[in-house]
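Which chain is which? They are A, B, C, D and E, in the order written, and residues in each are numbered from 1.
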Amino acid sequence: MRYGRGHVRGADAGNRTGRPGSAHPQTSLRPGPAPGHGRQNAPAHSGAGPGPDRSARRLPVPAPLRLLRGGLCDRAATAERRSALPQPPVIQVDGVGKTFKAGLLRSHVTTAVRDVSLRIEPGKTLAVVGESGCGKTTLARLVAGLLRPDAGAVMFAGQTITAWPRKQLRRRLQMIFQDADGSLNPNLTAEELLLEPMRLHGSSRVQSRERLPEMLDMVGLTPDLLPRHPHEMSGGQRQRIGLARAMSLEPELVIADEPVASLDRSVQAQILSQLNEFQKRDGVAYLYISHDLATVRALADEVAVMLGGVFVETGPAEDVFRNPAHPYTRLLLDAVDEGIHAGARASGLENQAAANQAAANRGCPLASVCPLASANCTNALPSLVGFEPNRAVRCERVC
Amino acid sequence: GQNGVLNVGGPWGPKTLDVHKSGYVYKRLGVIDNLIEVDENIKLVPGLAESWTISPDKKTWTFTLREGVLYHDGTPLTAGSVKSSLERLQRVGSLLKDVPLQSIEAPDDHTLVLTTTEPFAPLAAYMAMGESAPLAPSSFDESDEIIKPVGTGPFVFESWKPKNEVVLARNDAYWGPKAKVAKVVYRAVPDAVTRLAMLRAGDLDIAQILPPDAIDSLEQSGKFTIMRTAIGRCRMMGLNMAKEPFSDIRVRKAVNLAVNRQDLVDYVLEGVGETATTLYPPMVFWANENVQGFPFDPAAAKKLLTEAGWVDENGDGIREKDGAPLHVKLVTYPERAALPPTAEVVQAQLGDVGFDVELIVVQVDAAEAMAKQGKHDMFLVGRGLLFVPDPDYNLMKDYYSTNALAGGWGAYHYKNNKVDALLLEGRAEFDQTKRKVIYDQIQELLMEDSPMAYLNYYVNVDAVAKDVQGYRMHPTESSYHLETVSLPD
Amino acid sequence: MPAKWRRPGLIAGVVLCLCLAVCAIFAPAIAPHSPDKQHLAHRLEGPSAEFPLGADKLGRCVASRLLYGLRPSLGLAVSVTLLVAVVGVVLGVTAAYFRPLDALLMRIADCFFAFPGIVMALLAISILGPGMVSLVIALALPGWPKYARVARSVALGLREQGYVEATRAIGAGPVYVLRRCILPGVLPPVATIATLGIGGKIIQVAALGFLGLGVQPPTPEWGTMLIKGLPMLGTAPHVALSATTAIAMSVLAFTLLGESLRDALDPRSGLTAWSQLQVAA
Amino acid sequence: MLLFILKRIVSLAPVLFGVSVAAFLSLAWCPGDPAEIALRTLTESETPPKAAVAELREQMGLDRPLYVQYWRWLGRTLHGDLGHSYQTGASVVSEVKRALGPSTLLAGTSTLLAMLIVIPLGALSAARSGSLLDRATMAGSLVAISIPDFCIGILLFLIFSVRLDWLPVAGYGSVVNLILPALTLAVASACITTRLMRTCMVQALEEKYVITARSKGMGEWRVAGLHAMKNALPPVLTYLGAQMGYLFGGAVVVESIFLWPGLGRLLVEAVKARDVYVVQGCILAIACIYVLINLMVDIVQAWVDPRIQAGAHHAG
Amino acid sequence: MSEPASKTNGDLLRVQELTVQFPSPAGVVRAVDGVSLRLRQGERTCLVGESGCGKTILALALLRLLPPGTRLSGQVLFQGVDVLRLSEKAMRRVRRQGMGMIFEQPSAYLNPLFPAGWQVAEAVRLSRGGSRSAAKRRALRLLDMVRIPEAGKRYHLFPHQFSGGMRQRVMIAMALAKDPRLLVADEPTTALDPTVRLGILSLLRECLDETGAACLCITHDWDAARSLCDTAAVMYAGQMLETGPADRVLRTPRHPYAQALRQAMDGRTPRPIPGQAPALTDLPEGCRFQPRCVYSGGACATVLPPLNGGVRCHNHQ
C-alpha cells in the first residue's frame, strides 16, 4: 500500500507548480536535517474552483504592508541573517509533550500534547489541522514559549527558546490567539492595541502612528474603530486587531491559531492573500492552525494532522489533501462540504471524540472507532513512520 | 443590687492575688485589715494592733495585737503569722525595700517587734499599707505562691477574674462591726462611658471616678447620689530649674502668678476639684493652712518677668531676653484625662503674660523619659501624695536634693539645704505635732522657692444608686468602706 | 471637555476637593477667630453669629479649628493613605505576578500586619520621638499589607486572563504587563478602600494622639476634636457633629473624585451605577 | 492543594521569627525601664523603691545584653514556655489562652456578621445601583467611616442597653453579651467592605458571562448573587480576612468598652505596663492567627478561582 | 407572549425596522439600521454577511441583551409580543423558555469560576426546573451530545481547562438545554473542526426537527448554512441586502455583494472583494455597497435602494 501510494505521488510530483525561491530548504516535520529534496510544494490546481494561481494574478487588495520599512528594524541585517548559510530552521520542536492536571485533586489528567516534533524553514507554512480539543492551541503555546513543556525542546532560530532574550524573541516570533475576545486588553482602545507592539519594541509614538492606516488597511478595518475598546467591536474586528498586532512587527515566525475563523469569506480571502504576500516578500514562516481546510489549502506548504495530542499524519499539503493516508485524515477530508449535505459519515464519528481521550494515554487515539483497527492499535501508540518523500503517518495499518 | 449583691464598678482591676505585690485592691475592698489604719484626716489609728510603742532609741517598734481576731480560714491572728507574712513581703514585695528594717520578731502571740537600723518615723505609715496586712499562712502554697488572699477583713475573697472582677462574701466572723451586704462584686470597667451606662442600666450600684460632665445628667435623673471626695492627689507643674528661664526664681513666681487656678477648676474640671495653695489638700492633717498660695495676678507676673529681663521687644506678644524668646516646653501625658486640657489652658494663660509655651503630650513613659533627661521646662503631672500615708515618702522623693537632682517627678534640680535638713529631721521625729511643724516649715519654704506650681487637688466623683446607703470613698483611696454599705431589702 | 469627563460626580468631587484645598490654604483669612484663642466665657456655646459652629470645651471657635485642622488632619490622612496604597499595590501586584516572590512578600506583609499598630507606634515614638515622621511611620507600616493583599487577590485572577498572555507574547516585560493589564483592574477596589480609608486614618491619628504620637495640642485636629466632643454629645452636640461632618465631607469629596475618575477611565462602563447615582443625587 | 498548604505552614516559621525579633527589640527600645514601669503599675505609685527596681531588673535579666535576653527568651519559647507575666504572675501561655477564646469568639462573630451585612448589601447596591438602598448604603458608609468604632459601640449600648434595656451593657459570659460588641465591630468593618463589594460587583457585572447568565433567563438576583458575586468575592474575602486578623489585636477600645477580655486588651495593657513577656506572647499569638487567617483566605481564593492554581504552567 | 397564535399569523418572530445605535467618540455607530425580518414557527434562517456588519448586535437585540446606553428603536415581535417593551420579568420568561442564544467566541461568555458542566445544568434548571441531579443528568447528556469527550469527567472542569472548540460546544449545550422556541446561534461552528462541525450541525438539525423550533443562524460558513437553513439573509453595513430561500441565495445570489462573497473562497486562491466596508459611523448616502460594486452607476451613489423582491439593488429589477 505504501509503495503504491508513493508511486502515485512520485508521478504527480512533476506537475507541481514551482514557486519563487524554491531553493529554500525544505520544511520538514521530522527532527533532524531536512532531506535533500529540493522541490517545492506549492498548492496545485485542483478540479474545484476556476481561480487562477495566486502568483499569476494580482489581487485587488490594499498594498502590502511595509510596516517596518520606517526603521523599526534593520531590514538589511534581517535579510543578511536570513540568507546566511547554512540556515537553521526558524523553529524546531523535538518531542514536546504537555500534560494538564485538573480537578479538585488534580486527578483529571489530560495529555494535551505528546511527543510532537516539527520544523519550519524560513518562509514556509506548516498548517496543523485536527480535531477540536486535540491539543493544537497547547502546541502553539508551547512553540511560542508561552507554556513550559513537560518533555522535549523547542528551538527558535537554532537556539533554545528559553535562552532567547525576551524582546528579541518576541520581535521575531509572534502569536495570533484563537480567543480574540480574551486576548485583547479590555482597558485599551483599538488604536492603543495596534500601537502597543511597535511601542513596546521601541518605535516612537509618532512613527508608529504613521503606520496605523496601513495596518487597518491590511486587515480591512475602518478608522472609526480606532477609539473603541474591544468590547465595542464585532468578533471579526477583534480577531483582525489581533492579527494586525502580530503582523506589525514583521516577525520571522507567526504562530497563528485560527486567525480567520470568525471572519466572513471575503475578509478571510483578503487576509490570506495578505499573509501570502508577506511570506513571499519577507520570508515569514507560519505555523498555521485551522479547522478550515479551504484556508489551509490556500496557505500551507506542509500539513500536520493532529489527533489526541499527537501528529498522526504529516506531509506536503497538496499530497496530504489529495491522498490522505491516515484514517483520521480521511475522515476529516470526507467531512468537508460535500459531507454536510449528504449527512455522510457523521455517525461514523459518533464515538470518536469520546474514545480519543481514553486511548490517548496508551494506544492510537483513533483505535476504538477506526475501521481498520486491530488489537494492537489499542495497546501501543504507533510511531510516526515516513513512507514517501516528506510524508509520514502514525498508523500501523497503512504503512 | 439584686439578691443582696452589691455591684461596684471602678476603672482599675485586680491584676494579681498577691497582696504582697499589690495590696491596694484588697485593702480597698476590705479583704484585709492592717496593723495600723489611716483615718479620714490621714492620721494613723489602731487597726489590728491595739497599740504600739517605740523604744527610746527610736529603733524598736512594739505592736500589741488585738485579741480574738480570726483569719477568714478560721485560724486566729497571731504575731507569728504576722511575722511570717511580713517576711514574705520582704522577699517578694517592693514596699519595704526602702525601709531600713532590721528584724521582725514575735516574742509572743500578741506582740510583734520590729527593729530598724536607724530611727524611721514613717514606719507606722508603712504598716497601714495594704501590702503589709497580715495574711494567713493558708494564703500560700508550698512554693510560697499565693493561692488566694486570706486576710482578716470584713469581706472574704471568693473568686476573681484577673483584671476584671473580684467577688467577695461577708465575713460573718469579723471582729468588728459586720458588713451589711452578703456579697460584693467589684468589676473593673476601664471605660468611663461604660461605667456610666452600666450604672444607669442598673448593672452597677456604685460607679466610681466618673467624668465631671456626667454629673448634671445623673443628678437630673434623680436616681443617683453623687459623692464628691477630695483625695490626696495634686495636679502640679514641676519647673526645670537646671536651665533658663526657670533657674530664675522670678520667672517661677511669675508662672505661679499667671496661672488662673480657679479657671482651671471651673473650665477644665467642670468645678470638680479644688484650687491648690500648697502641696497637700486642706483636709489632710499635714497641709499647712497658713500657706496662702499664689493669687491670680497677671500684672504682678508681668512685672516679675520684666524685672527678670524678659521684655517683649518686637511686639509679637512674646517676651525676649538677649534676643531669645521666652519659649518653654510643657510636657505632659494623656493617661490622666484632665492633664492635656489643663496644659492647653495653662498654655493660653501663660501666653497672656508673654510666654511662648510649646506643648508636648506624650505617653507617660516617654514623658517621664523626657523629664528625666531634662528636655522639658515644665512637667505637668498628677501626683499621688498619700500612697504611703506619711509626708516623708513623697517629700523625700520629690524635694530632697539628691533625689531632686537625679530627676524624677518632683522639683527638678531643686536644692535647698534647709529643706534637706528639715526632711531628715522629720524622718527621725516621732512626735506627730512636732513633725507637723517640720512639714509646715517645708511647705512654706517650697512656697518661697516655688520650684513647682501646684494647680489643683483631685476630687473623685462617685455615683451611688439612691437606695444604696453608707458608701464613702477614703481620701487616700485606701478603702471603699463597703462594710458600712447597705442595700434595700 | 470630552464627554467622559463630563460627569456630575467628577465635577462635584473636583469642586469639593478644590474647596477643601482653598480652605486649607486660606484658613487664616477665612477663620473668624484664632483657632487657639480660648474664650472661656463662651465654652460649649452653640452656633452663633460670632461662633458659626459654636465653641468647644475651652471656648475655642469650632469653625476656626475645623479650618485650621484641615491641613494636619487631611494632609496627613491623604498622604499616608496614598503612600500606603501605592506601596501596598505595588508589592501586592508584584507578588501576584511573580509567583516565587509571592511567598516572600506576603510573609513580610504578615510580619507587618501581625504587629499591632500601637506597638509600632510606640516603637516609632521611641526611636524617632514624637512628630510627623513617626506618626506617618506608625500609620503606614501596619497599613500597607491590607492593600497589598487586596491588590494581590485581584491581580491573581487577572494574571490568568488571556490578554495577559497575549501581551507577553508581543514582547511586553513584566512591568509593562503589570501597568497596562493588571493595574487597571486592581485600581477600582483599591481606590474604594483608599478613599474611605481617609476617614479612618483621621480617626487613627486621633487615637495615636493618645500615645502622644498625634498632632500636638493645641494644634487643631479633626479626629481629636471628634473624640473630645463625643462625651458631650448630649449637652453640646455641635462639637462632635461638626467634626464628623467635616470628616464625612472630605471622605465624600475624595470618594466622589476617586470613583468617578475610575469610572471615567474604565472603558467598559458607559454609564455605570455610581455615575447614575450622582445624576440622581 | 495539600502541598500548597504545607508550604504555607513551613513559611510560617520565618514570619514568627521576624515578628519575635521585632517585638523584642521594639520593647527594648521603648522609653522607660520595664522593671520600674512594672512596679509602678503594680503598686499604683509613680516612684517605686529603687532597691525593688534593681532587684526586679536582675530577676528579669534586663541587665544582660539584648541578644542574650532574646536568645534566652527564644529558647524558652521553643519549649512552649513564654515566661510569666510580672503583672499577674500567671504564665503567659495561660494569659494568652484565656484571652484567645473571647477574642476568637468576638472576631469570628463580628466577621460573620460583617459578611452578612456586606455581601447582600454590597451586591444589592451594585445590582440596583442608583436605588434608594444603594444611596442609603453609600451615604451610610461615608458617615460610619467618619465615626470611630467605639462611638458606634457607645451609641449601640445607649440604645439597646440603657434606653431599651434589652441587653446588658457590658461583660463577658453569655451570648447576649456578645451581641453588642460583635455588632459594633461588624458595622465598623462593614462600611469599607460593603463599598469594596459594590465596586467589585460593578466590575463583575460588566463582564460577558453576565450576559450569558441573563440569556438563560436568570433573575437579576441570581445573576448578581451568584455569577457576578463569585467573581467579586476574592478581594472582599481578602479584605475581610485582613480585617479579622486586625480584630484580634486591634479591637482594644471596643473590648474595653464592652469589658471583653480579649487579646487586644491584654496586649495593650501589657504594652502600657511594659509586661514584656505578655507582649511577646500576644504578638506571637496574633501573628499565628493572622498567618492562619491568610492561609485560609488563600485556600478559599484558590478554591473559588481555579485559574490561580493553573498559574504554575506558565512559562517566562 | 401569551397572545394567541392566530394573531401572529404563524410568525414566531417579526422584526420591524429595528435600529440599533451606539453613541461613540467617533460619532453614532449605526450597527443595525432598519432591519426587518420574519421567522415562522420552525423556520430556519441564516444570516450571513461581512464581518462587523451588525449580525451579532441584531441577535443580541432580539434577546434584549445589549449594554445600557444603546439606542434601540423598531419592534421585535416574538410570538406577537414586542420584546423591546416587555417587563424585565416577562423578558426573563422569554429568555428562559422562548429564545436561546449561542454566543460567538464563547470563552468570555462562560463564567470562569464555575465548572462548565455546572453552567449547563444551571441552564437546564432555569428552563425546566426539576432537581439538581436531574439537571446534572441532562447536562451530562447534552455535553455528550455536543461531543465533549469524557463529558462525565469534564463536567467539573472549568472553562479555561477546555479547548476553544469545547467551549463553543459547551455554549451550544447551554443553549439547547432549554429547548427554545427560537434558537439564535451566532457562529456556532467557527471553532470546530470539520468532523465535529458535521456532528454539531446534524445535532442542531435533529434538535430543531424534534422540537420544531425556529433558528436564526449567523454564520460565515455557507455550506453549514445551506445544510441547516431554509431561508437566508445577507447583511451588509447594518442592512439586509438580500433575502430568500437558502438554497437560492447561497448558491446563486443576486446581489453583487452576495455574489462576490460567494466567490471569495471558492477556488484554490482566496478572492477578496476589493475595497472596504464603510464605517458604520459614516455611511454613504446611497447604496452602501456602491463604493465596492463593479456594477455601480446611476442612482447607486445617491439613492438608497429599497429591499425589492428580496434584493436591495438598483440594478436588479
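We adopt the following convention: a contact is a pair of C-beta atoms (placed from the backbone, for glycine too) under 8 Å apart; a residue touches a chain by one contact, two chains touch by 3 or more.
None of the values given here were measured: they were computed from a predicted structure.
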{"item": "Shortest walk length in steps over touching chains, chain A through to chain E", "value": "1"}
{"item": "Relative to chain C, chain with the most remote C-alpha centre", "value": "A"}
{"item": "For chain A paired with chain D, centre-to-centre distance based on mean C-alpha positions, whole Å", "value": "55"}
{"item": "Mean-CA-position distance for chain E and chain D (Å)", "value": "53"}
{"item": "Centre distance in Å when chain A and chain B are each reduced to the mean of their C-alpha atoms", "value": "91"}
{"item": "Euclidean distance of C-alpha centroids - chain B vs chain D, Å", "value": "38"}
{"item": "Overlap residues in chain D, where contacts from two or more other chains coincide", "value": "30-31, 154, 208, 231, 305, 307, 310, 314, 316"}
{"item": "Junction residues of chain B, two or more chains touched", "value": "193, 363, 366"}
{"item": "Touching two or more other chains - residue numbers and ranges from chain E", "value": "25, 107-108, 158, 160-161"}
{"item": "Touching residues (chain side chain A, partner chain C) in the complex", "value": "141, 144, 146, 166-167, 169-171, 174-175, 177, 179, 181-189, 196-197, 200-201, 229, 231, 242, 245-246, 249"}
{"item": "For the chain B and chain D complex, residues of the former touching the latter", "value": "12, 15-16, 18, 21-22, 24, 93-95, 97-98, 131, 145-146, 161-164, 187-191, 193-194, 197-198, 200-201, 203, 363, 365-366, 368-369, 381, 383-384, 387, 397, 408-409"}
{"item": "Residues of chain D defined as touching chain E within the complex", "value": "207-209, 211-220, 227, 230-231, 304-307, 310"}
{"item": "Sites on chain C touched by chain A in the complex", "value": "161-163, 165-173, 176, 180-181, 184-185, 266-268"}
{"item": "Interface residues, chain E side, partner chain A - complex", "value": "22, 24-27, 29, 48-57, 104-105, 107-108, 144, 147-151, 153-154, 156-158, 161-166, 168-169, 187, 190-199, 201-202, 220, 222-224, 226-227, 260-262, 264-274, 276-282"}
